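Structures given as structure tokens follow.
Two complexes, one shared chain (chain A), two partners (chain B, chain C).
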Partner chain A sequence: MRSLSAPAKNTWCPGCGNFAILSAIKPALNALEEEGLDLDRVVVVSGIGCHAKIADYLNVNSFYSIHGRVLPVATGIKLANPDLTVIGFAGDGDCYAEGLDHLIFAAKRNVDITLIVHNNRVYGLTTGQYTPTSPYGFKGRSTPGGTVERPLNPLEIVLSSGGSFLGRGYSHGIELLKTLFRQAILHKGFAFLDVLQVCATFYNMYNYYNQRVYELKDHDASSYSAALKKIREWDYNSEAQIALGLFYQRVLPTYEQSFSHLSPLVSPEREEAIRSTLESYI
Partner chain B sequence: MMKVIEGSHAVAHAVMCCRPDVISAYPITPQTHIVEHLSQLVADGKLNTEFLTVDSEFSALSSLVGASVVGARCYSSTTSQGLALMWEVLYNSSGLRLPLVMTVANRALGAPLNIWNDQQDSVGARDSGWIQLYAENVQEAVDMTPQAYKIAEDPDILLPVMVCMDGFILTHVYEPVYLLEQDKVDSYLPPYRPAVVLDTANPKTFGAFVDPSKFTEYRYMQWDAQIRAKQKIVDAALDFQKIFGRYYGGLIDTYHAEDAEIMIVTMGSVIGTIRDCIDSMRAEGIKVGLTKIRSYRPFPAEALQKALKDASVIAVIEKDTTVGNQSALLTDLKAALYNSKLRMPVLGFTAGLGGRDITVTDIRKMVEISSRAKDGVAESDYQFLDLKKELL
Partner chain C sequence: MPVQLVEGNNAVIIGAMYAGCDCFFGYPITPASEILHAASRYFPLVGRKFVQAESEEAAINMVYGAASAGHRVLAASSGPGMSLKQEGITYLAGAELPCVIVDINRAGPGLGNIGPEQSDYNQVVKGGGHGCYQNIVLAPNSVQEMCDLTRKAFDLAFKYRNPAVILADGVLGHMVEPLTYPEDAIEHYIDTSWAVAGNKQTMGNLITSIFLNFDELERHNLKLQKKYATVRKNEVAYEGYRLEDARIVLVSYGISSRISKSAVDAARKEGIPAGMFRPISLYPFPEQEIRSLADRGCRFISVEMSNGMLADDVRMASGCKDVALVFRLGGNLIQMSDILKKIREVS
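Our next item is the complex of A and B:
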């Protein structure tokens, strides 16, 4: 079994939820390796933010994209070489703000890639500003009087955009993360995981989450309406229990499959007939 | 009032004194402290402005376009990748002749990913129609802010202005700064009262389609406004001096230029080091001087021809390159000299990319290379300073 640890020095803060994601993706990938996954055919794509350093810490092929553009880069990699297993890591500032349009279109197209969002609900790398998932009234460094916007619910966005795999994890729950990462990577289509990844320095939510999270049980993940109901149970703002686990999964044709089903614009026979006609004039 | 203050906070204070109606920005290193401090001033009730924390730099500048056409005085700040993301709106806002003011905390553009200072970001936007002013130190960045509004909002100009200050070197430094006094800013900078705004009582359209029969004329008027802005930039600096007593030159400034055989031309914070270096070289009898670019757009061609006329060699030092040609200021300067009678050698040095320091030793080296060119020793007329050959 190959070590997935890279030699780069880890610079995340002590207590950062990113460690849990890193600690869960390694065994998830190693378990898949035991079952035949070639780790040299795994590509990790990250964005801009604290999360992005995961590309430095994982001993697989990786690509640092610019802010917000994890998904278009991951999509391009997958389309150009569909044999690769492409795993995107993005932040909530990265993916739900500047890159939000790409999230909608990745779900709409059902590209066969995995997206793991480190959703700490704060800009960590720029030291503590509000993000699209910060709660109403969040007092960050760009909103010292409290933000006057309500957060968006990324799972609801992805579900309504046609997402075929939706789950939520929590950085204080590595076993569930391992399970979700495995399911997501194995899913044929766009697998979306929102991970409540706690930023211990700028928005420490461990106590808050610990009191509210629960794992989905007896949930019908094939049902759109059941998924929507569970997704709406907590809107990232109001007081509610927070469900973790797989909300929704269905099998749909993937984007790259639809490309391979396209027939050539001109059949070889017709192309040959055109060529011979043209050559007759030379 | 003089205060030892972080550069970003001093600029935020200057922005506050200009009484903007709308501020819109997105956090990005090394600009973040400017807008964070502005948001704090708003939260503290010291700054009465509508502060938008938006989802991207593209949204930041786009929202200011909307605010500006209804007559609001607007402000934003960004850097590097953020400025690149604004690209479409840079042209849009200048074409619409909206007098926005934006501080650019100069930073390298990736790839490779780098958060440190050079000037590739704003220099790359030189053709976008924005006026570009470059500050040497925090005090000048502060003082340029009301000057920028004065120039932008002049009814004869109506163009957006970037105040460029080197990221980290100026944004994160603590140095003694004279903070602007509100009453003085109020007498220097009158409230913004545009003649043409969106008004339901008198409907107009902004951003309308213009066909080939008129497009060239619109572009010409924009070009002409930048050329005319040269005098306004000089006037804005002189008017500022009358009220605040501080002056940094108009389009350019010079230092020990009188009898300089070797003239350095550059812009931004490296000038502080160069001044010190000139002092010590002058003491050794080396006739070296400095011409500082304050306004890069509009480009001060005539002022440069005058300032450089007696030099034997010119050394252009800049923190950018034009991949596929030589660097930007260098080629601009050479273009300005070609149809003049000046025929001294002009050497270009790209230095300080991605945060690499430009040291006194570096400056001396560039002066030595230029001195050899003065004496007729042929050498490359454009080079990247101190390339690490082992990395190539």
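Our next item is the complex of A and C:
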């Protein structure tokens, strides 16, 4: 079994929820490796933010991309080389603010990639501003009087955008994360996981979450309406219980399948095809 | 006037508030975030608008909207965010809208790091987006100027109905120095009769950058060029240091000019007649002043935290082919000893 630890020095703060995500993705990948997944065919893509350093800490091919652009980069990689297993890691500021449009389109297209969002509900790397999932009234560096915006529910957005796999994890629950990561990577299509990941330095929510989280049981993940009901149970703002687990999964054709009839031509067939195509315009 | 120890990024907001700035739109980015924080703290206290936008693009387009309504708008970012804002900036320039944008330059290209650099020079000074347009660009080299030039940038932006950029860097943004507060807030008459206020009086006003007719667009462009020529004629600002008898002139702006100044003093102690020329306005660039130094037989050394971007402009302005260059990249400050070494070489 291959060690997935990379030599880079870890600079996350003590108590950071990112450690749980890192600790869960390694055994999840190793378990898949035992079942035949070639780890050299795995590509990790990260954005910009504290989460993004995971690209340095995982011993697989990785692409440290641009703030907000994990999904377009991951989509490009998957389309260019559909045999790869592509796993995106993004932050909530990264994916739900600067890059929100890409999230909607990844779900709409159903690209066969996995997206794991480290949702700590604060911009950690820039020292504590509110993000799209910070609760109403959140007091941060740019909202001394408390934010007057209500948070958005990313799962509801992805569901309504056509997402084919939606789940939620919590950084204080590695076993569930391992299960969810495995299911997400095995899913054929866009697999979206919102991970409630605690920023111990700028927004410590451990107590809040510990009192409210529960794992989904007897939930019909094939039912859109059952998923929507569970997803709406907690709106990232209210005092409700917080469901964790797989909310929804369905089988849909993937985006890259629509390109599969385009088999790459080799010379001289390629040259002949180009010539006849150009001649058809004369 | 009160004097207080202030961080450079905070001084920007103090200057903006004295300039009557009433809207701030930003997005978190190191090393500019303190401007966002200061705006969020002070703007609501005095009834001014502050929004942390969902993206850099959203922030600059909020600027576009509020500026078109005649408001005094400020945005701040750093290199990666400035790149994202370029689309909005060219539209603002094309539509002739005033606004002030602060760039706390960090090291690039790409993600680079959060150390200081002056490598956004070409992007900011030459335009940065598509089309033939110019930003007015001012380069502070102290906390005092972070405040004072922000104020001045609002004046110029409204005088010429044009985006004005404060080009600073990560050191200036984070250094703490005594700041003498402005004597008074800007109260003089600001003509916003061109704006679109959503009322009967301004119904007839049109703010646009689209001119589908080729000749009409050419006329619009020529009008812009004429405006830039007026800016070049009237708004050049610079500082000279020990230039009277100087034979070797360091050209340097921003934080690099602080180090250059020390290098001039050190060279003088060795008997080398060195001086420093500091452009305060990077656009308009002080071309004539540099030309007259060249006519006097001065030799130039460009001292910059970029790969000769400033040296190119010094070469063009002076007509001298052999402008020497002292530079550091990657977030490193220039060492005074490196400047001194180059001065000795050239002398």
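Structural remarks
Going forward, the second predicted complex is superposed on the first by the 260 of 282 C-alpha atoms of A that agree within 3 Å, B and C clash if a C-alpha of one lies under 4 Å from a C-alpha of the other, contacts with A are read in each partner's own complex, and residues count from 1 in each chain.
Just so it is clear, a contact is a pair of C-beta atoms (placed from the backbone, for glycine too) under 8 Å apart; a residue touches a chain by one contact, two chains touch by 3 or more.
None of the values given here were measured: they were computed from a predicted structure.
Contacts of A:Q129 after superposition: both chain B and chain C are touched. Residue contacts after overlaying the shared chain place A:P7 against neither chain B nor chain C.
By the touch criterion stated above, A:G36 is placed in contact with neither chain B nor chain C.
Touch criterion met: A:T143 reaches chain B and chain C at once.
Legend: residue contacts after superposition of the two complexes on their common chain; A:P268 is shown touching neither chain B nor chain C.
Annotation: chain A residues 48, 64, 66-68, 97-98, 100, 123, 125-127, 129-130, 132, 141-145 touch chain B in one complex and chain C in the other.
Taken in their complex, chain A has these residues touching chain C: 48, 64, 66-68, 93, 97-98, 100, 123, 125-127, 129-130, 132, 141-145. Across the complex, chain A is touched by residues 26-30, 33, 36-37, 40-41, 44, 50, 52, 54-56, 80, 111 of chain C.
Those residues of chain A that touch chain B in the complex are listed here as 48, 64, 66-68, 97-98, 100, 123, 125-127, 129-130, 132, 141-145, 147. Those residues of chain B that touch chain A in the complex are listed here as 25-29, 32, 35-36, 39-40, 42-44, 53, 55-56, 58, 81, 85, 110-111, 113.
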